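Order as written gives the chain letters A, B, C, D, E and F; numbering starts at 1 within each chain.
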Amino acid sequence: MNQPNAADKPFKRLLLTGAAGNLGRQLRGALAQWADVVRLSDIAPLDDAASHEEVSAVDLADREKVMQLVEGVDAIVHLGGISIDAPFDDLIEANIRGTYNLYEAARRHGVKRIVFASSNHAIGFHPVTEVLDADSPLRPDSLYGVTKCFGESLSRYYFDRFGIETVCLRIGSSFEEPKNPRMLVTFLSYRDFIELVRCSLFTNRVGHAVVYGASDNPVKWWDNAKAGFIGFNPQDSSTQFNGLFPVTAPSAERDDPARRFQGGAFVLGEPMERKR
Amino acid sequence: MNQPNAADKPFKRLLLTGAAGNLGRQLRGALAQWADVVRLSDIAPLDDAASHEEVSAVDLADREKVMQLVEGVDAIVHLGGISIDAPFDDLIEANIRGTYNLYEAARRHGVKRIVFASSNHAIGFHPVTEVLDADSPLRPDSLYGVTKCFGESLSRYYFDRFGIETVCLRIGSSFEEPKNPRMLVTFLSYRDFIELVRCSLFTNRVGHAVVYGASDNPVKWWDNAKAGFIGFNPQDSSTQFNGLFPVTAPSAERDDPARRFQGGAFVLGEPMERKR
Amino acid sequence: MNQPNAADKPFKRLLLTGAAGNLGRQLRGALAQWADVVRLSDIAPLDDAASHEEVSAVDLADREKVMQLVEGVDAIVHLGGISIDAPFDDLIEANIRGTYNLYEAARRHGVKRIVFASSNHAIGFHPVTEVLDADSPLRPDSLYGVTKCFGESLSRYYFDRFGIETVCLRIGSSFEEPKNPRMLVTFLSYRDFIELVRCSLFTNRVGHAVVYGASDNPVKWWDNAKAGFIGFNPQDSSTQFNGLFPVTAPSAERDDPARRFQGGAFVLGEPMERKR
Amino acid sequence: MNQPNAADKPFKRLLLTGAAGNLGRQLRGALAQWADVVRLSDIAPLDDAASHEEVSAVDLADREKVMQLVEGVDAIVHLGGISIDAPFDDLIEANIRGTYNLYEAARRHGVKRIVFASSNHAIGFHPVTEVLDADSPLRPDSLYGVTKCFGESLSRYYFDRFGIETVCLRIGSSFEEPKNPRMLVTFLSYRDFIELVRCSLFTNRVGHAVVYGASDNPVKWWDNAKAGFIGFNPQDSSTQFNGLFPVTAPSAERDDPARRFQGGAFVLGEPMERKR
Amino acid sequence: MNQPNAADKPFKRLLLTGAAGNLGRQLRGALAQWADVVRLSDIAPLDDAASHEEVSAVDLADREKVMQLVEGVDAIVHLGGISIDAPFDDLIEANIRGTYNLYEAARRHGVKRIVFASSNHAIGFHPVTEVLDADSPLRPDSLYGVTKCFGESLSRYYFDRFGIETVCLRIGSSFEEPKNPRMLVTFLSYRDFIELVRCSLFTNRVGHAVVYGASDNPVKWWDNAKAGFIGFNPQDSSTQFNGLFPVTAPSAERDDPARRFQGGAFVLGEPMERKR
Amino acid sequence: MNQPNAADKPFKRLLLTGAAGNLGRQLRGALAQWADVVRLSDIAPLDDAASHEEVSAVDLADREKVMQLVEGVDAIVHLGGISIDAPFDDLIEANIRGTYNLYEAARRHGVKRIVFASSNHAIGFHPVTEVLDADSPLRPDSLYGVTKCFGESLSRYYFDRFGIETVCLRIGSSFEEPKNPRMLVTFLSYRDFIELVRCSLFTNRVGHAVVYGASDNPVKWWDNAKAGFIGFNPQDSSTQFNGLFPVTAPSAERDDPARRFQGGAFVLGEPMERKR
């Protein structure tokens, strides 16, 4: 990886939404290397801003606030919104209206590159006995996954119509370490996640691309060959966590939907009512 | 076409949403042949109910009303919602929240078959020099088209998760006659439209299917070979309208986006603000 | 169809195995138009031979008898063997050893063209919501279907190794008329069956080809586009039988495996013990 | 087919090269219906010009003459060049330098549409047991075929670089009637040929397209489904010529390369020396 | 590789057929790590059983013996049968009746996972200038290869019908070292073979999978990308054996079928008579 | 890599055309390891011949000279011709007539293997957001690229018709080091180039193959999986040159055709007039 020195940061200002979340916190430090100013936004409280940071508490469903948030930025890493299954009325505000607001703001302010945190749950109803690539059909495993499909379609439209480039990251499971055997397959180390965002921001031209976010794990459900032009080459592997889970023979639970489909336990969820 | 006689209508009760619209009005008569009771719904005024009809004015965004609307029906033809480009906040209510409400109601009431009026605008940013099939990538040409992509993804989820079957009809241009040269390609006669709905309702098992709705026109942008199991064989052709438009040589306007892409003038639209 | 006159029949001697069966009896007359001598074989009794016919009662599992049977023929239409599910030990004799014997005899006697009655049951475990072509993976629906897969592989070998050309006919349901609603899809009229055999025998070069045997029915599970070089263009359609079965709405039985898979009731069979 | 009346011909001036050849003569009359002025060119003598015609004897290898020839035309039907196998030095002048000259002239004079007579000999080394479409790999069967591949590549370049649209017609065998059994497959009636040129000229936008030129013959080696946007629907079939050739059983000659490959006898040719 | 310790072996009892063969002997030690009891079977004499082993001399063609053999096992590694070309009557007993007996026994005893030693000879008539994957068509190079195709079809049926999962291993050449230049391509080290079996046994869900068995050799005829869900990542390469064979320029023998096709010398075999 | 020792060089005589060029000079030393005699040819002056070398100044457009040049060689590495854009009349002589002369000479002298230096400019009008393989359509980015397409088609013909095998190397950018950021993607180290030629010469059977020539660079536009049978495994990567170019954010110039298409600045060229 070719890191610019502090004196000539390639971006003037980058916007990170969802900055208070798990992955947002990981990315915060990296962005400082790439941009003079890092603007951070979340609906949840954020740590205090460093000198190169601008912090802004914004509900993505608030169009005017989002319009202000996007002003003056070179590119956006959009991790914001709800990242678990939730009542659909909530998902509409955060993931549908919110994502629309962000793209509309990008259009009006002339932002030409967005890195969009999609999710493996956009394709989670494919069985674990298939290997997918960027052209595999959408098969969301939850209403959350449906809203990620929406974001992919919306960003495709903004590219075809207005030339705003998006890399859709179908992120697997990005944590310190895998939390269950499924994550040995879907694991994306923080280091590889940051590298994936770096490739998505710096590749000169990306069009509208779909890339799976997984480390170089031994079992592979996703094949990134069609996204080779992004230059993402993961350095980590879940093999380091082999001792975490006991080795077991296949059992009757292989027929459990949570074991049969790539989305894991997400496929068992049901539409929820909003709490009042 | 094999028409049942009045004595043994195969469905007890069919629901038609969007019954006051152009296509809804076409379908109203046909449904009477197929079901003892036809329940009609629209947000716009409907003609008086015949003896076999139940008429209901429902805003699809109203979850409770939709829940009542769906009770007791065998299958649904969902033409409701906004069928032109519109402010996104309006599209959210009619096409996103509304479609979600319908599928949730279907799930709760055990309805197992929905015919969903998707649109060619879900793929309208493909160039006119390509022939698409059911597996071609989504390329919506408008925010309206994006909401149709949403409906396709949502219905995929309800099939994979709950077994509710959907036929997504990517309807071309269904009018009395083509209104411009583009519609010589996208024309779907009313007769063929009704036959397409019939196939979608009566085929014993459809899974989650995508079918293009066009008559047997001489120029073809869409290939339904992968949906052969639906049994849709259009009987009409736009050749009967050859005299409608002057024959002209290709001109510089072939580079106009409205001529380059399948979606026609839709690709020129821009996101609108809601009127207040 | 271009019928030769009696004076210049293109083949000197054709062999038809399984001549006493349903389809064998249909073909018997047609073969007389194409060959000076028609040799007929079956393990079951055959009608008396006409002057241009040679009749031979042969158990295909008897290698020496088969060797004699094949001597002196120009081409073979191989309908023989067991054409329903049966105890595997019986299928071995009739469909595995028998087919091997036939190909070995063809190799030794220099016969270069065989029309092999494979079956839709070689692919019957594909769902009814898929359209297959010649390259779709084998998914037999029964042990009977497995033996048809064997015949297809065996004939591929005899082509690659010895240049013996085979057309594998994946025959649907060839009867006077459809016997159940499934057969409205799989129906192959006797006339179309004969034409399919004619194309398979007369096309100058066929290599090793797979062709589906169905009439031009409205619902299509099989796409013969890749076999266009055979020139099979069915003339009949099951639409003439639309009144045979009542029109019904989809019901819970759509989840019955016999309705979900192309093979129909075959998918419900279980391995049988041989009667002793 | 929608024919304009004389009063409002869609093109002002069309150029036809190779106008003295077999197909050029067929087209000459049709062009009069479509353009006020038809400019005709050939290296061979042409019949006298009608009042709406301009006749010009041009060697396509002569750049300056070609430059003049193209001036002022709206579109070009390029049948010129050598259409049989020939010494390569001759093919260079007529088919390589000549075609380059024509495209360069089109570029300089702003002509935006060319209908290019490619040939089935660009793909003639595919076996007769395959069905090809527009994306099948090039497999020329002769040096003549190689120069047609060159024309297809050259026209692709002029489209990608300069926006000049081309329809490459991979013409089968266009004669009064088939001259041998192979032509029952490759036959293109004169009427269908003219219709194919009409579609290629009038379709508003064609990009760079490849279309096979065959009538609706019973045996099909070529599938035009991917060129459905051209709207070519042949009306004739070689079945009318079934009596022309005796019906024969396949024989050892099926292994003759001229019977094994789609190009027929062309595959037997060898590079020739130029006659001096 | 994550090895369980002796105290918690994941399987209670594994069955290995063909245990006396070359690969069976390699696997015998590995199985001890994975199962409390290893049941070994062969028609040939086996070494004495260790304390954790059960040894059983069984002819796979003997249905009752096979039924007993399978009782009480968790999973099966089926290497048994004839693994070279042989008279077809012998292949029927060992590879066709024998494999059927094994799957029937698995069905009756509720065994849900079988690792089936298929062979590269199931696809050996593909040329050496092609790269195959799991969906490449079957092209057996010998009667032996045909029986492996049979095993693949049979196991597909038992999966689709009865849910018995199978990994079909299309094993290349697994020996101490390559025996000829072809095996530099097809080489599968013993270590990689054992790892391949381990992946096939332990992956929680495999459905019906086809995996090629080759080490990470420099020349690749087979691409396992579609089987990435198995997690097989070979550690060895035939480059270590580069010195074994002299480096030679291509010669006329490249046209020898044994050099043209992936199956090597197998493609030269001919059907054999059984010795009496 | 398995290098033969001096005593038993596998080839007797290899011909290298274009030996005075950049890549020709790199290869000159390597060829000495593989052949007793290395014949070198160029239109430009060559360094003095070593004892194992034969040097010959030949204009490839001169058929008789080329005929002599090819006599007595075992195989040819054809780097000769013009390797930049140039007036088309010049390209005709060097790349079209010249390549034809070479293949004709090979045919007459019985040479059965040619390694042909094609170019990435044969596919340079594909966008940088696509990953290509050996079957991607030709999209030349220049007249130079069109002549490379010609060479690929011509060599395909000589293989199908006369059995002369060719490996078409679509060489990226082979220099000491990348000269601009694009070359970080297209870089082919000299060492990897030599290895690619070695694989192309020594693989026993190659048929007619297309291989991309790039090192193992982090960004990949080309996927060689379908050419795995060649055994080319690059050892170098452009990552070593990461410091050569400043890291910059994407900018408006991403819309510059030279940044949008794989061919880089070549796509901006225009047909040139020959200097007189």
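Remarks
The rule we apply is simple: a contact is a pair of C-beta atoms (placed from the backbone, for glycine too) under 8 Å apart; a residue touches a chain by one contact, two chains touch by 3 or more.
Because the structure is a prediction, the values reported are computed rather than measured.
The fewest steps needed to get from chain C to chain F, moving only between touching chains, is 2. Listed by label, the chains touching chain C and chain E alike form an empty list. Summary of the copy comparison: rotating chain A onto chain D for the best CA superposition needs 180 degrees, to the nearest 5. Interface matching across A-B, B-D or A-F places the copy of C-E, with more than half of contact pairs shared by residue number, at A-B. Between chain E and chain F the centroid-to-centroid distance comes to 41 Å (mean Cα coordinates, whole Å).
Centroids built from CA atoms put chain E at 51 Å from chain B.
Averaged C-alpha coordinates give centres for chain D and chain F that are 32 Å from one another. Across the assembly, chain B contributes 225 as residues in contact with two or more other chains. Viewed as a contact network, the protein chains fit none of the simple shapes, being neither a path, a ring, a star nor fully connected. Pairwise chain contacts in this structure: A-B, A-E, A-F, B-C, B-D, C-D, C-E, D-F, E-F.
The residues of chain D lying in touch with chain C in their complex are 127-131, 181, 185, 218-221, 223, 225, 242-243, 246-250, 254-255, 259-260. Every residue of chain C that touches chain D in the complex is listed here, in rising order: 1-4, 8, 10-11, 74-75, 112-113, 163, 165, 201-207, 209, 225-231, 233. Interface residues of chain E, counted against chain C in their complex, comprise 88-89, 92, 96-97, 100, 104, 107, 125, 135, 137-143, 145-146, 149-150, 153-154, 156-157, 160-161, 267, 271.
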